[in-house]
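Labels A, B, C, D, E, F and G are assigned to the chains in the order they are written; within every chain, residues are numbered from 1.
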């Protein structure tokens, strides 16, 4: 019945829905999962690297996490060629702001601009929505560490902890139980990394994956202002996976 | 039968209707409810926060109410990414006016400009109407406190008290009975806030909601001219909910 | 059979008709009625206010009658958001003319320009006709008081007395009988107002409406040149309704 | 079978026809009739005023005949809002020529320019043909008095006597018999007016119409060069109708 | 089967055909016939005037033959409103060339430019091909007298003798037999005119037509360089028709 | 099944094919054949003149072979009106290069530019591919004599000997056997001309054609640099045909 | 079922897929195979020349491998006319960078720009994706030798060894077994060439092909900085094929 409304991006269905946006979201739900966590002393973005092959060139810096400015980073779920356009746009906006005002662009302002850009692709004819969602991790002096999630409609929202991509709903319900469990407080980065890996394990198809399947990114406030961030090395990732496995066995034994 | 006319925004149906505009209105009728009330000493915008989760970041300022200028505020029902475009447009117009004439833009002029902008998206091909409705609350020296409601067609109208979003008709009929009951006079802000919460309760799916589900905004004339406005804190909201509940019990007991 | 031609504004049907224009006219036939009357000493525009609610803000100036220039006023039947665009256009044209030539724009010239603008929306692809009709009441030194009616096709015509909007045909046939009855002469404004109210009563769905349902506008030549015009207050309207009612009863008794 | 080709203006049917142009011509065939006659001492344009009502404002100058320049006049059959655009265009061209060359634009040149303009609306996508035909009556020093007929395709042709609009074929066959009957010579304006009224009577739906149904226009060469033209007053029209009626009765009696 | 390809001008059918161009050619095949002949001492263009009526204005110069420049003339078969656009274009090009280089534009260059213009209307969307064919008769100092035929696709070719329009194939096969019969040499203009009239008679629907049905045009080299050309008067045409008739009778008697 | 993909130029079929390009190639396969041969001392382009008629004007220079610059010539198979646009484009490019750099444009560069131009007509909406293929014969100081073939997709390739147009596959298989037979070496121009005529005979529908059916073009390096090229006269063509016929008989007798 | 979504490039299917991009990839899977290998001392691009004929002109430099800048080369699988546009674009970007910054453009930056360009053809209406994939081989001072693969969606990825074009999956699985077998280390260029030829043999339809079917390209770091690259001559290719054959026999004997 609703078939007539779903191939045009500029048409509402009788129920007031935009089918093309929903299909674009579908494209994201098949993509590699990303987990975002606010910790007491920083932010974590953890992503699954979906395709791995011996023949692939070794990862140079990161595959799923892109630096927008010194204080803002995003990770991608969905069509990476679509994302590339938006990332370029975001970098340009952030640098223009820095150049014009002499201070870093506030994180929410970057997110708003990219989302307005996304929105326009849902309203005008002859276009399709961008088939990608982002997790933005950023820092500014107004609101400190911030974590945002965007979707193809141009919507965004701020989160403490969230999941996008494949199986994001099971990931989210895992986080709902484990993050700030029993109001014990927000985890620090170290236990947050373990939580993120556990959450990714919940959403992955197979278990027992090697460290090349995980991309872990950490942003921390620097002493004296500003932030430092880095993508963990293969060895560091390995160490965390091993700990998670041990804890898992210990819990199973218990 | 009327199916042929409903996927194009630039086509009348034989009955002289614009189906796309009606479908866009449908999108709004599924969105979180907003209540607007003119009080004897101010204006109230009360909105339902539809999605709540422990994992969401704590609300910074407000989620549903947006400041356009010092004297004008709106709250949104519908697609928030569509609304974002219009809000940006409204802010720009208001600031341009302020800059050019050195005085705040009259409220009705802001509303007219945004509605003309909305109208153009219903008449030209390759576009869809904006899927959002607004409640504008504003003040100017010509007409004092004013409350306007807009819809996706570009229509607007001034109200004493109105409701947009999900279940707006049951909300409206509640207000018709309770607002200025027995011509007892327009309520003041304090009793208006309770009325607004009661009205939102009528339109919500579940009862006994916590304060995080309500966003209450108040605009008051300042002594010495101008207006002050604020979004109530969680504690202030809690207090009002509790009073409403008490009154409810008292009434039930009576 | 004719269905194939009715969803495109730029296509004639085999009978040489433009269906979209006819459907736009249909949209007007569902709108609040407007009556226009030329009187011996002025012009009357009388409109029905279709939606009334206790919750609506009190009418500031007028709801259906819009001033274009000091000498020209129009009242609207149809989609008010569409009308808003055309009213803005008409005001601009009238002010430009005044600025450029130092004298008011002749009424027919305003009407012609707005109608050419309307026509273009019936001939080019990717547009729909404007879904509104106007009654123009104006004065210039060439032709004195003038009353014009326009429709969505861009057609216009000058009238002594006419009706647009819902039930306009029964309104017109009423006027045909009562206006200048037995060639007794054109009514003056006072009896014209009663005639207009009677005519509106013929077209309204219910009888015994309060004064808030009527909007009565009068334009009179000023002594010493120029015109004065005003929208009648609620009290003035009430007075006329009462007189009409009395006359009705008197006639029924007779 | 030919249905597929008739809703696009830029498509030939397999028989090499342009259906949209033919449908536009159909629109003209339902419009009020216009008769054009070349007389020994001038030109006549006679038109039927289709809609008449007691409520209509009295005709100011003329309803169907429009002055393009001092030497060129046209009368319209078809959609008057479409015609308005072309008349404006023709006036502009004629004045530009006058301004640039200091002498009146030759009649055929005006006609050619308007027809080229019409043609373009039959060849490009997203447009429809103009739904109106014209009779051009004009004078220039090269070819003297001239009478042209145009149609929506952009075709035009010079005539001694012709008819456009409703029932034009029966009008034309009447003229074929009566105009220059038995090669008795071209009629002068006085007998031409009677001929034109008789011809209009043939095409009208009802007989015995009052003078308000006829619009008679005469263009005569002035002594000393140039032309004078006027639309006949109601009284003059009445006189001619009466004469025609008398002659009719006389002929019937004979 | 091939129906899907014939309503778009920018689409090949599976057999590699452009249906719209073929349909436009069909439009020409219903139009009045034109015959072109190269003679030993000049060029002849002979055309059928399809519509004739006592009421038509007497032909001023010519109806089917249009002067492009002093040395180039064309005659038209097909939609004359389409042709008008191309003729205007050709005149402009020819005058620009003359102005720029101080000598007449070579005939083939005019033809090429017009044909490139025609071609573009077959390749871009939202357009239809021009529904007219031309016979170009021209003279330049490079190639002397030349005769070209163009069609709606933008193709053109040089001919000794050819026919376009209705029944062109029977006209062509007549010419194949009679033109340069038994290699007796190219006819001179006098016998060429008779040949052209005979050829037109073959293609006309009825026989025994009066001179008003024929338009005969002759271009001759002037002594001392340049060309002279003229359209034959009604009397001259009459004379030729009579001769042709006599010859016909003589042949029938023989 | 594949029908849905073949009427749009900008759509791949599920097998990854562009149907419109294939249909355009079909248009070429119905066109007159062209043969290109590289010889030891020059290049040969031999073309079939498909339509011949006694009534056609005698060929001025050549009908199928067009000079682009002094060193580059092409022959056409397919729609000659489409080809005309591309030839004009190629000449412009070649002259611009010559003007800008003071030396002839390299052949491959001309070919590349024309092919990029062709490609763009296969990728953008609202266009159709050019329905023509070319054989480019050219000379430059970098690569000497070169022979290229292009098709409507914008592909091109360099050849020693090739055939385009009707029956090109049987022509190609003839060349595969006869050209450089038994590795006896590339033929010189004299024997190449005979080979080309034999190859055309293979692809023609009828045998025993007169010299007016053949267009033979030869390009030779001039002593002292540069090239000379000419189209053979009717007598020269006749001589070659006769030789080919003799050889054919001699071979048949043997 | 999914048929409705596959002919528009700007529409997602309900599963979130872009059919047109998948069909374009299909076009590549029918094209000649390309193999790319990173070696310990350089890079290898090995391509199959799909069409070979005695009549083709001898290859001038290379047929499938195109130089973008001194440090960057690509080889093509898919529609070569589409590729030509992108290659031109890439060369322009690389030269602009060199001119602006005085140093070679980093390889990944070239790849990103071309891929963003490709992406835009998948998102806007009225376009189709580019039907070609590339292997980029390049060198810069930041990351040394690099090998990238792109596809029509605008995606790209870095590889140690990869295959595009026909039968790329069987080629890839061959490489997965043979490249860096038993972690014996990356091969040097000499053994890499043999590996590439073996890999091409796996993907070709027939076996025992001559050297004209292979195009082998090698890029090596120069002593003193920079890179040198060359396409192997027919003799060098022959030598490698022979060695591969010998090794094959030896292995078979073993």
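Note that a residue touches a chain if its C-beta (ideal position, glycine included) is under 8 Å from a C-beta of that chain, and two chains touch if they have at least 3 such contacts.
This structure is a prediction, so every number in the text was calculated from the model and none was measured.
A.B. asks: Spelling it out: a chain qualifies if it touches chain D and also touches chain G; which chains qualify?
C.D. replies: Touching chain D and chain G alike: no chains returned.
A.B. asks: I need the rotation angle between the copies chain C and chain F from a CA superposition, between 0 and 180°, in steps of 5.
C.D. replies: A turn of 155 degrees brings the C-alpha atoms of chain C onto chain F.
A.B. asks: How far is the middle of chain C from the middle of chain D, if each middle is the mean of its Cα atoms, in Å?
C.D. replies: That gives a centre separation of 32 Å.
A.B. asks: Would you kindly tell me how far, in whole Å, the mean C-alpha position of chain F lies from that of chain D?
C.D. replies: Their C-alpha centroids are separated by 58 Å.
A.B. asks: For chain A, jot down the residues that touch at least 2 other chains.
C.D. replies: Expected reply: 8, 125-126.
A.B. asks: Select the category (line, ring, star, complete, other) that matches the graph of chains linked by touching.
C.D. replies: Looks like a ring, each chain touching just two neighbours.
A.B. asks: Per the contact definition, I'd like the list of chain C residues that touch chain B in the complex.
C.D. replies: Touch residues, chain C against chain B: 3, 6-9, 19-20, 23-30, 51, 53-57, 60, 79-82, 84-85, 88, 121, 125-131.
A.B. asks: Per the contact definition, I'd like the list of chain A residues that touch chain B in the complex.
C.D. replies: 4-5, 8, 10-18, 38, 112, 115-116, 118-120, 122-126, 143, 146-147, 153-155, 157-162, 172, 175-176, 179-180
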